[in-house]
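Below are structures written as structure tokens.
Two complexes, one shared chain (chain A), two partners (chain B, chain C).
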Partner chain A sequence: MSFLKIKNLSVDYPMRKETVYAAKGVNIEVNKGEILGLVGESGSGKSTVGNAIINLIDSPGKVSSGSVILGDLNIHKDPKNIEKYRGKKIGLIFQDPQTSLNPILTIGEQLIETIQTHLNLTKEEAKNKSVNLLKEVGIKDAEIRFNNYPHQFSGGMRQRVVISLALCCEPELLIADEPTTALDVSIQSQILDLIKKLTNERNLAVILITHDMGVIAETADRVAVMKSGNLIEIGETKKILTNPQETYTKSLVSSVPPTNKKISRFVIIDSEKKNNHKNNIKILNRWNKKEIIEQDLVQIKNLDKSFKDNFFTENSKNSVMAVNNVTFNIKEGESFGLVGESGSGKSTIAKMIVNLFKPSSGDIFFDKICITKIKQKNEMMRFRKQIQMIFQDPYSSLNGRLKVKDIISEPIKLHNPSISNSDLNSYIFDLLESVELIQKSADRYPHEFSGGQRQRISIARALATQPRLLVCDEPTSALDVSIQAQILNLLKDLQEQLNLTILFISHDLPVVRQMCDRIGVLKDGKLCEVSNTEDLFLKPKHDYTKELLRLMPKIESIYN
Partner chain B sequence: MTKYFFKRLFQSALVMLVVAFVSFSLFNFVGDPINNMVGEETSDEERAELRETLGLMDPIHIQFSRFVVNASKGEFGISYQLRRPVSDLIVERLPATIELVVISALIALITGTFLGVYTGINRKGFFSDIILAVSLLGVSLPTFVIGILFIYLFAVILGILPSFGRGEVVDLGFWTTGFLTISGLKAIILPSVTLSLFQMTYIIRLVRAEMMEILQTDYIKFARARGINENSIKYKHALKNGLIPVITIAGINIGTLIAFSIITETVFQWPGMGFLFIQAVQFVDIPIMSAYLVFIAFVFVMINFIVDILYYFIDPRIRVKGDVSSG
Partner chain C sequence: MFQVDKNISTWDRIKDSDIYHSFIKSPTAIVSSIILFIIFFCSFFVEFITPYNPFDPSSLSLMEAFTPPSWTEGGLAKFILGTDGQGRDMLSTILYGSRISLIVGFSAIIFSLILGVGLGLTAGYFGGKYEMIVMRLTDVQLTVPSILMALLVDGIARGLISREMHDEMAIYVLIFAIGISEWPQFARVSRAATLVEKNKDYVSASTIIGVSNLIIMFKHILPNILRPVLVIGTIGLALAIIAESTLSFLGVGVPPTTPSLGTLIRLGNDFLFSGEWWITFFPAIFLVILAFSINLLGDWMRDTLNPRLKK
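Moving on, here comes the complex of A and B:
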């Protein structure tokens, strides 16, 4: 007899033209002491199901049918009554701990208010209970921290506070909606351990909503796979991950980058378009292809960068050494990976290489010329043409008011002002086809494309100047795993055909393993070690690298 | 805190210096100050002598530093038209303007916040639509038209409120107030309401937008998910956050109210600084104009300074910036 029974749950969003079904007839059961993983890509309805359980669907959406039975209570029977089950019977954790807490109330005030809403306790009793709870979730000096405001906690600590808030009235069901997506790997494993510990100690039923198969493999007992509002498959985690029955689950599992080996390409199982063959890179015909010579294309020597407070601006980075004496080389034609957690300075280095930031000290050599010393704009342009960047967020890195063809033609015209219109158009078409977009895309606006397609446009734009070095700053971390696999395949193909050198920046170790020849590990602005990829994963030298590898969620752990 | 305080103080002083320079330029370079002072029959020798005694032949930076020193003591010379020290005139007119502005600011703030919260929470209600429609009128009609309409309605047709002046005032020695007499209180109603309308609209729309935005945030959603009751969510969690930007706007608004009061004071013949300024403009009374300029700037800068300091106490995020513990 399961503790939570979701029967035939549907959520509708009535729109002007049609009704969108965010969830369609979902049936899920969860036992006490069990963690059920709910996976799916963005838009699959996994968060909708989580929110629908406590009827927290944003208007105009509504739960149109189905029942949620908790123990022997049908909590959807009287929708007006559901408020008293929220927090009391069911706790919810959201993705981003930075925004989940009210910034102007102390965590103590937020805890006491929640406890007093549901439990008949005096303020003093509520305070004692909160302090004990904060200790339980691993916050040191809980009596003092009780009076702190949310911004005084780091991201991981804040998520602990969020968990304590979700659990303060002793709910029996915990719904965790991407609880670790916004956190670094080391913090992620702490939070997941905490959730596992609390599940056992308190005999909670847990629904863990996530897109990360590694997290599922290490945490969940059973897993449910969702796609466009439908439940595709549900069962034991091991069974689903090793022997998926449905095509969709198969494609989802195969696009997860393996952590234990390097594969040449991701296998893409897609019923709609079979593009497993290498794509036709049309731009090759007009590419001024340089033969790879044995040399260091980029040399970085003793690079420092610090951010200082300006008199008129309130800068939160109080003169922190973001990059501290970093030295490494990138060989021509290789993929060099820079990994590190947030704040490790990896993006700052990228921005200095493309000359968006000026280093505080140290030199960057490109093709044996020191680009940090160049003063003249014309001379700098020659280098900008050869170094291009792809940004993390495909939504904000494209100008929404320009057509795709204008976005791509801008760098072409900048570096080649005399290009004729017809030539320009065929250039754009070649670029678009090289990144597997159709020619018609040229006349559309960025908002008409999905995240993955936008990232393809970004790549086309970066290729427009025929660069030798491509700096990719977390190019796939905003994308779903199946799209990520496609984009990574594309980057590999382009590199091979066009003799590109790639600086690949990521926090995601499995992805870096698939993409890079050599890897540098950054921590707090300092470079810990640089090794060949296989050496780094098999024989890490630095303690920090060992720690990162140990904590990285591994989808293969399910085999053990 | 000290660093924050002195940084703000220094920034304020810098702004004041720039304004003082503009005001000084107005005094010295818009027309010839000597020509403005003396009659037509004064001889060239006498003009040159006056120029010398007034120090107008000194280098610019000496003249400017003299102006700044005098201004900081509150001395702006003598009004051409009224033949009295400008500082005396300002002190005499100041209470009327301050009383008018304070009352309008209170009306605008209290009513504006209240209506803003109401329309922000009841987004599609009948009353919300009415409030927003009427408030739109408040912005689109010029202040003097509203003032005249009020005078016509309340003073001419209904005859219940006076149409001009401050009514009877009580002199407290350092301050003249209209708050202590019935006629004084009656007299302040129309001008203060007229003056507050524009700001009120502004605050309504600001508070409404803030409330609507905050009610969509994750922490409100999380509070709902914890079962916190709706009233606490709206009036404790959301409103407190929503009022933070209102403090900034309210601060700037008080300055704007003083500036706007020129029109309202003229319409209602209110014997305040704005009225004094308008008269000064008509007679090209430059000492009064430059003093007024410096004074308004001073009020703006001071209010902004106070608001910045207030922020420090209200928003914990500024208070403990950079004090994030690791873990």
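Moving on, here comes the complex of A and C:
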């Protein structure tokens, strides 16, 4: 007899043009002492199911049919029931620990308030209970920390506080919606361990909603796969991940970058059976292909960058050292990876290479010429043409007011003002086809495209100037895993055929392993180590690298 | 990649947009825009609508002066809203007057929009000392009440322009005076919007391509900050029309020979206590309806164009 039974649950969003079905007849059961992983890509309805259990669906959406049975009570029968259960029998953990705590109350006040709302305890009893809870979720000096405000905790600690809040009324069901997505990998594993430990000790039923197959592999006992509101497959984690039955699950699993080996291409399993061949790169005939010479294309020497506030802007006393004495080289034709957690300075280095910032000190050489000291505009333009960048967020990297063809023609016209109109058009079409978009895309606006398609437009724009160095700043971290696989394949094809040099920046170690020949590891603005990819993964030298490798969620862990 | 073939005309695009749908669903917006359309249409094509030309002295008859509105005792059917002290038909005079008011209002708001957005956009984009100077300037400007500012400008202009030129130049002075007192709003809003936009990746992408600052500002950032600017522009239009009327009422606006709404209210004010209430009442009520409709439309635009207010 399962503890939580979701029967035939449907959630509708009636919109102006049509009704969107965020969940269609979903049946899920969760037992006590079990973690059910709910995976799916964005828009698959996984969070909707989580919210529907406690009836937290945003208007105009509504639960249109189905029942949620907790223990032996149908909690959707009476809306008052849900309010009583929410926070008491059902605990919630949200993605962002910044926003789920009230910044003007101490965590102690928030805990006591929650406890006293649901349980009949005196203030003293509530306080004792809170302190014990804080200890249980691993907060040291709980008696002292009890009186601290949320901003005095780090991100990971704050998430622990959120978990203690979720647990304070002895819930039997815990819903965790992407609990570790906003956290760095080292903190992620601690939080997941904590959730696992609590599940066992308190015999909780847990629904863990995530997009990360690695997290599922390491944490969940059973997994439910969702796609566009439908439950595709549900079963034991090991069975689903190693022997998926449905095509969609197969493609999802094959898109996840393996952490233990390097593969040449991602296998794209498509229900329509197409596109699994190498991309036909149309711009090849126009491309001024440079032969790869054995040389360092980029040399970075003792690079420093500190952000100081000057007299005229908002002033704080400290200057922050974002990049500290970084030295490395990128060989022509290779993929160089820069990995590090948030705040490690990896994006700052990228922005200095593409000349968005000037370094505080140190030099960047491109093709043996120091680009940090160029003053003349013409000279600068020559380098702008050769160094291009792809950004993380496909939604902000394209100007929504311009048509795709205007976005792509801007760099072409700027660097080749004499180009004829017909030539320009055919160049744009070639570029679009090279990134696997059809010619008609040229007359559309960016908002008509999905995230992955936008990223392709972004790549087409970057290729328009025929660069030698492509700086990719987390190009796939905003994308779903199957789209990520397609984009990574595309980048590999382009690099191979156009002899591009790529600087690939990511926090995602498995992705970096698939993409890069050499990797540099950054921590707090300092370079820990640079080595060949396989060496780095097999015999890391630096302690920090070892730590990162140990903590990264491994989808392969399911095989052991 | 999937692509659906669709050939959509601009009109279909408009009909499909959220703005159109929110417009259709908002009775306030529809009513106020119908009123505004009628006012604009009648004001700009007034020559073809009314049989009278209040500025042609030969067509005026002093015998018909102070005729009350047609539905009151002593009213004449040919003067629906009555006549003023010189025998001018009130309705025609109001329509001619509102044309002047609208021209002054629109010109002033466009002038301050160009000045304010230009300064705000460049300040937000370049930052540093330039930004500080511009923004402190707007702060100073905002400490001076706008009507006082307009009076000041008007006074200085009168001192500089020769007496014969006064009436001719009055309308330009008025536009400048109102425009100069409204620009800080635009500068503030467009600077704030620019600060958000300039940190977006599409601006970085253009910089990396090598696009010049001028093109980035005007081709890329400007279209993206126009929404909030248009919203305050609409509300500013109502303010500018009211400011014009206030100045004309105070006697520093357009000359009585080419009366605007404010001038009409001032002229009628003299007769208010002698019983000829309609001379000041109708221009005043017309001004209220005009400003009110513009404000309602501006409110609707603010709700629709601001994604943060959407439910």
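One rule holds for everything that comes next: the second predicted complex is superposed on the first by the 550 of 560 C-alpha atoms of A that agree within 3 Å, B and C clash if a C-alpha of one lies under 4 Å from a C-alpha of the other, contacts with A are read in each partner's own complex, and residues count from 1 in each chain.
Keep in mind that, in the parts below, a residue touches a chain if its C-beta (ideal position, glycine included) is under 8 Å from a C-beta of that chain, and two chains touch if they have at least 3 such contacts.
All of these numbers come straight from a predicted model, not from anything done at the bench.
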Original post:
So, A:Asp96: does it touch chain B (first), chain C (second), both, or neither?
Top reply: first
**OP:** Report for A:Tyr149: first if it touches chain B alone, second if chain C alone, otherwise both or neither.
**Re:** first
**OP:** Give one of first, second, both or neither to describe whether A:Ala322 is in contact with chain B, with chain C, with both, or with none.
**Re:** neither
**OP:** Give one of first, second, both or neither to describe whether A:Ile457 is in contact with chain B, with chain C, with both, or with none.
**Re:** neither
**OP:** Pick one for A:Leu414: touches chain B only (first), chain C only (second), both, or neither.
**Re:** second
Subject >> On chain A, positions contacted by chain B and by chain C >> reply: 312
Subject >> For the chain A and chain B complex, residues of the former touching the latter >> reply: 54, 56, 83-88, 91-92, 94, 96, 99-105, 110, 113-114, 117-118, 140, 149, 151-154, 156-157, 162, 165-166, 169, 311-312, 314, 316, 318
Subject >> Footprint of chain C on chain A - complex, ascending >> reply: 16, 59, 312-313, 351, 354-356, 380-381, 384-385, 387-389, 391-393, 396-402, 410-411, 414-415, 436-438, 440-441, 453, 456, 458, 461-462, 465
Original post:
chain A touches which residues of chain B in the complex?
Top reply: 7, 11, 217-219, 221-230, 232, 236-237, 240-241, 244, 314-318, 320-327
Subject >> Residue ranges of chain C touching chain A (in the complex, touch as defined) >> reply: 1, 3, 5, 21, 127-129, 131-132, 200-202, 204-211, 220, 223-224, 311
